[in-house]
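The next part holds the structures, each set out as structure tokens.
There are two complexes below, and they share chain A, which is joined by chain B in the first and by chain C in the second.
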Partner chain A sequence: MTERSLSPSPWRRRFRYVRDRLFTLAVTACGIGVILAVLAIGVFLVVEVVPLFTGSASTANSDAIDIESLWLPQQYPGYDEPQYRWQANAATDADTPMFSLTPLAWGTLKAAVYALLFAVPLALGAAIHSACFMSRRLRFRIKPVIELMEALPGVVIGFIAGLVLAPYVERHLVGVFALVLVLPLGILAAGIIQARLPWCLSKRVPLGWAGLWLIPWLAGLVALTLGISPYLEVLWFDGDMRTWMDQQLGLDYATRNAMVVGLAMGFAVIPTIYSLAEDALAGVPASLSEGAQALGASQWQTLWKVLLPAASPGIFSAVMIGAGRAVGETMIVLMATGNTALMTLSPLDGMRSMAANIAIELPEAAPGGVHYQLLLLCALLLFVFTFCVNTLAELVRSRLTQRYQRLGGTT
Partner chain B sequence: MRKLLPRRRLLIEGPGAWLAAGGVALSLLMVLALLALIAGRGLAHFWPPDIEAVTLVSGERFAGQPVREQGLPGQASGSERLYRTGNRDLDGDQWRWVEVNAIDTRTTPEDLVIIERRRWGPFIGRLLRLEGPEAQWTASDGAALWRELEERMARVSQLRHERDALHNHRLEPLAEHVDDSAMSPSEEDELREIKARILALQDAMQRDHVVLESLSGQRLELSLEALIEVKRPNAMSLLAKLASWGEGVWRFLSEGPRAANTAGGVWPAIFGTVMMVLLMSVLVTPFGVLAAVYLNEVAPQGRLTRLVRIGVRNLAGVPSIVYGVFGLGVFVYGIGGSLDSLFFADELPSPTFGTGGLLWASLTLALLTLPVVIVATEEGLARIPDSQREGALALGATRSEALRRVVLPMAVPAMLTGVILAIARAAGEVAPLMLVGVAKLASQVPVDDEFPFIHLERKFMHLGYHIFDAGFHGGDVQAAMPLVYATALLLVLVIVVLNLTAILLRHTIRARHVVQAHR
Partner chain C sequence: MPTRFSTVIILLGLLMWPMTGAMAHTWGDPVVGNLDSIGSDTMAGLMLRWGERLEQRYPAVRLQLQANGSATAPPALAEGTTRLGPMSRRMTASEREMFEASHGYPPTEIPVAMDALAVFVNRHNPLGKLTMTQLDAIFSDTLRCGAETSIERWDDLDRPELAGPIDRHSRNSVSGSYGVFRRDALCGGNFRVDVNEHPGSSSVVAAVAATIGGIGYSGIGYVTSAVRPLALQEGDGPAVMPSERTTLNGEYPLSRTLYLYVNLPPGESLPPVERAFIDLVLSPAGQDSVRESGFIPLPESVIAAVRQALGLNVPWGHVSPR
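Right, the complex of A and B next:
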């Protein structure tokens, strides 16, 4: 009798077993369902785009579009030479809409390249500094700030870029170009001054805290450079650099141009690249760098010869993920460029990216039509591109983690 | 011997280390500058600036609030200043650039007023007199004029309130009812009576007038009904200005937009954002947690699960506009279109659910933030030591009991972190919303006292889209700028607070697990 009362009744046991099975089943079903729903995005885009090439589009011009006509220059009435053009809204019915994806792809990649040109040096520099030179206390404080930077909405950055930065850069063009030279030299000058300071002063501004105490110094430099910008413009460029560039170099200047987009989107991409690259650098097993330093390498040599090669796959994947983000960013490009589908390399011209193009045109496109399907094709291209880039980066990263574990596994 | 001594070097750590340090400093500088710019401009918008009476060298006079100053284009010296002069109906423009050199004198006389009007933007000038039916007060009456003006404006706003109440609660329901069926005589009488009362109220609102004069001498007569607020910033003390600043902030948060989104407040946008985000988190939390639990606790940990995990993680990196396209194609045109043809066929061709709306926007953003929640929850689940699960199982718990009683409660902070991060991301996303249901100006809030109270099919306003629309589609960008700054500040504040909460939460979780691991 006593044994029976201790162990639960068979019914209760059975009930618990069934409940467990049901629960597991429900979780499994829901989990798989959710994951399938998320993955359905790709399937949906493919299903919607396929009729474009098979010719079963349900609209008036139901002939299939071949891939060549989307990517190669086309002969349009009214033009002498074959052209790359994206002009979806025909002005009159007689006009044929011009669908060439090349200028859109060009604009997308151009914006991303300029953003990376600005972001990669800064972000990698910051990652190197905080992984190798920064004091630990500061490092723990800086990470959340950079995470906050990542969370800033694109629409706010785009607004600042399009309405504040773009006109400002236009008025202080000389100063902005001068900053490219002034800032690195200024940083080096700060380093030289710090090395020359007497010990009692220089220990107050150590390299480990340079991330903080350089800020006022750099702010002063920026203010100074932009302040003397009008004088430089009068001195060198007859008072107006835009006209000078137009006359001497034949360069057009659009207020909202690739340079501004590069700055703004670079700003948005920096935190992504920074935090991933920093993780990769900080994850290198300590035994490696300790070994190098024990052999007499300086901190910089350790970094250059040991840490960077070891962490290079991680840094590569950080840049890849940054590129994926730059390619897909919509609001910044939409607000900081003129959205004209140009195909130039000049940083002073605008562009029209795929993402911005979708945001502008999709609400007006008739569902099922060629225009609609082409915009969906753009979305599919963006999806496939970012998904592949991210998957590659993720695979590289997980390989790297395994390698770190092997290398540092003994400790 | 000399060779062994270290050469005195220019830089102790080499140039690379310093340039790297510059990367950190420059990034931080940019963040700080951006935040300072938004905060400064956003908060300064509500401060009532002094009105200057400017006399130019040419003898011309005008009054305006100085906005900013910048160097003359193409010249090293000299600058020009932008004044907001108001009076768009009198002068044709409410902005004026003046070369600083061309200014003769600037004074701030106390009797200058700035009047917010319902039409034509602000008026800047002098208040000459207030005319009522029984008496009139002129500027020489001093305080009596202002007291009287205040009282009469309060009366007008009360009348307006009465009229709106009558309109919304009596007239509209009646009119709707009448639309559906024929009118009975009693209803006809009621309708006539309400209309008469509304007209009477409107007449009463227009009883009093003010006579205004701009500094250039043009006169203007306005009924008090057309005024929103009369201020004399030059006569205000610091405390009064502070009070006016507070009132400005409150009105910004609690009122609707005016003048094509270039003036007024953002209350509908705040409401729309909050509604959308709430609905989204209700949708995303259970599904995200379930998927994470499945991936981490139930699914066999093989190659396929690893691939799925990487896939889900990568979806967080897919551009948000692609989710917008998916939402438009599947939710709006697909599901919404079928719902319309099934249940709302009598409303067609005007779509009910077949167009962007609150529900579709929330669903799209839920999908967008699902990876965020899954990844955060999974991370939390992975951090729970296996000993906890094994302990529960060893005591005879089934898997579901171990999960529900032991593992999930421990993972709650991680789930919260994920949901907060998801909310922060959703609050700032604009691109997908442009496709699935955000409106430039929503006439109706998605929640009201009409059955079924929450109208999921309605379009809504959103803070982020408000920034885009006011800054890029408005007519007078200059006038909209301060408002856009203020809206941006609000959005950034919300997101920063949410993110800080998430960071703190994550910090405490990590600290807790470290302690447990060391025990």
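Right, the complex of A and C next:
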């Protein structure tokens, strides 16, 4: 630094002081503004929803809405048994609309659960591999690429899932089910082969670069599986697995189903979980793992007994934030499911999530009516849910950071 | 997000040369200013075409279009935020009451076009026709149209060439098409829970085109060659294919009229801008736009009657009330 900047003139010092204060003020104001905006959204939703339960809603049939009618099965004219039904109708006055939030909540959770079933093993596996086993050079290239996946808009993923993936999966059911078995087994087989190879060969396919040399291996397996699956279909399932499932097992396969949504939304959630979990694992102070290895623990033992327990709160919060994203995701569910308000567990059925329901119906709901207020109630429930999940995840994560600092880490 | 979720405000035409002499001497009244329209999403494209034609005729007019759905028109008309409300269905009694409560007179209903709801299946499906009772038995679980049992699978139709599960596709519950289908095809009953709901008509067509066991419905303008429309049979009558002719003569059972609602106090005539717009809509050029948008033009006799009722047959120069 030059001498001038070390001892600036009093005027200049005063100018810098004022500038710093102004800037601090601006940043603080922005921060407070963001907090106020979040609170204001919550307050707005609550204010709009309250008339629903106090009975001052403008439409005549508002007295039929209470917590019981929203969540328990209701008896409707024309049906033998009480039903969970969501069927809003703005177009006719003739019938009472059927408002049950249970199938919507069910659909929301079902979509999130199937997405997490797909995403959590993949994302955590990838995080563990890249934090503990991958070569540093490869890791610095792969991590930003996976995080870039997060920038893919939900509409794009939903579009591909609904119009490309869903029909493809339907036509190639056997191949897709076979891949679910073949890919994990193929990876295991690759590991076993790699370990048995003589040294001169195995040094060419080191573990740290598995991310690269597995690609041709897996691509080959995928091509092989999809290639022979039509013959398997003829051999085992009379040429058409969908018809076979329908006739032999009584399973009805809906084109846009939970499996496709799980796949597509899992794809959207993987980067979030991967990135946070990887940070947590990589942030475990090196002294811990070095200590364990110095005491004679193998890499595997170090991972299971030291790294994973130390990073578990971070991994937990990664999964929670992923779940929050999956619950709030709108466009993927909207476009990749048939929006059928069903209450089944089957991965072959569709569902209707709260977020998708709001996106479909809010534009045509008359402001101030019961339907409108119920949609805002859905919004409020989503808001509260994601707010709680994210807050919990953040709390856990900040405690983890403190723990690492106590243990002498740098994170 | 697709445009229908956000408020679509389309500014048509620029206020380029307001009050040019050319305008003033062609027409007795200057047609200048903004025209607001709030309402149907189905009719958005049609309103847009009419707006373009209007702008060609009167460069000093611009149409501001909000297309969020038919249900948004009545509140906007009642509150006076718009004077034009396009709707793909009729106003319900409660919507009319809301308008009357704030203005003291009923809204003026102007039919502007017809639309037929085509029921279609995948192009590989050999089915040619359905009776209205069968249609209800496929889509509803209330069976109000007289069917004994639901049709769960294609096998239940008792045709040897049809087998397998049925994949049902519909519009979402707040659209006008859904309401019309529910009223006319389900006899006011309820849809089954496993009917897929799509946010747009072209999405229904795409879904049926992709599934061999699919069946769905949409406005006839959306039907592509990837799906095959079915002929519908009412009672013992003939099976009728959806077309312009069968819709106009009332043989096809699933048709609807598209309306334009305006706020017109009794005994008064329309302000110049609205008058110019409705005059265009009910002219041969305006009805050409209807056909271009995939809807069905109104029959000549209806147009003549509506024009008569609105006092639109008088040449322009003579009607100026001022």
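Just a few scattered comments:
FYI, the second predicted complex is superposed on the first by the 367 of 411 C-alpha atoms of A that agree within 3 Å, B and C clash if a C-alpha of one lies under 4 Å from a C-alpha of the other, contacts with A are read in each partner's own complex, and residues count from 1 in each chain.
As a working rule, a contact is a pair of C-beta atoms (placed from the backbone, for glycine too) under 8 Å apart; a residue touches a chain by one contact, two chains touch by 3 or more.
On a predicted model such as this, the values are computed, not experimentally measured, just so you know.
When both complexes are overlaid on chain A, the residue A:L214 reaches chain B alone and has no touch with chain C.
Touch criterion met: A:R352 reaches chain C, while chain B stays clear of it.
Within the superposed three-chain model, A:T401 lies out of touch with both chain B and chain C [touch as defined at top]. Applying the stated contact rule after C-alpha superposition, one finds that A:F383 touches chain B and leaves chain C untouched. Counted by residues of chain A touched, the larger count belongs to B, out of chain B and chain C.
Contacts of A:Q293 after superposition on the shared chain: neither chain B nor chain C is touched. Of the two partner chains placed around the shared chain by superposition, chain B is the only one that A:E329 touches, whereas chain C remains out of contact.
By the touch criterion defined above, A:N339 reaches chain C but does not reach chain B.
With both structures placed on the common chain, the touch criterion links A:L122 to chain B but leaves chain C unconnected.
In the superposed pair of complexes, A:E361 makes contact with chain C only, with no contact to chain B. Residue overlap on chain A between the chain B contacts of one complex and the chain C contacts of the other covers 155, 163, 331, 334, 359, 363, 367. Chain A meets chain C in the complex at residues 76, 78-79, 85, 87-95, 98, 103, 155, 163, 166-167, 170, 242-243, 246, 252-256, 331, 334, 338-342, 349-350, 352, 359-361, 363-367.
Against chain B, the residues of chain A that register as touching in their complex are 16-17, 19-20, 23-24, 27-28, 30-32, 34-35, 37-41, 44-45, 48, 121-130, 132-134, 142, 144-149, 151-160, 162-164, 171, 183-184, 187-188, 190-192, 194-195, 207, 210-212, 214-215, 217-219, 222, 230-231, 233-234, 239-240, 267, 270, 274, 298-300, 303-304, 321, 324-325, 327-331, 334-335, 355, 358-359, 362-363, 367, 375-376, 379, 382-383, 386-387, 389-391, 394-395, 398. Chain C contributes residues 1, 4-5, 41, 68-72, 74-75, 89, 92-94, 141-142, 144, 163-165, 167, 169, 172-176, 178-180, 182-183, 188-191, 193-199, 206-207, 210-211, 214 to its touches with chain A in the complex.
Listed in rising order, the residues of chain B touching chain A in the complex are 9-34, 37-38, 70-71, 73-76, 287-288, 290-291, 293-295, 297-299, 308, 310-315, 317-326, 328-330, 333, 367, 370-371, 374, 398-401, 403-404, 424-425, 427-431, 434-435, 464-465, 467-468, 471-472, 477, 481, 484, 488, 491-492, 495-496, 499-500, 503.
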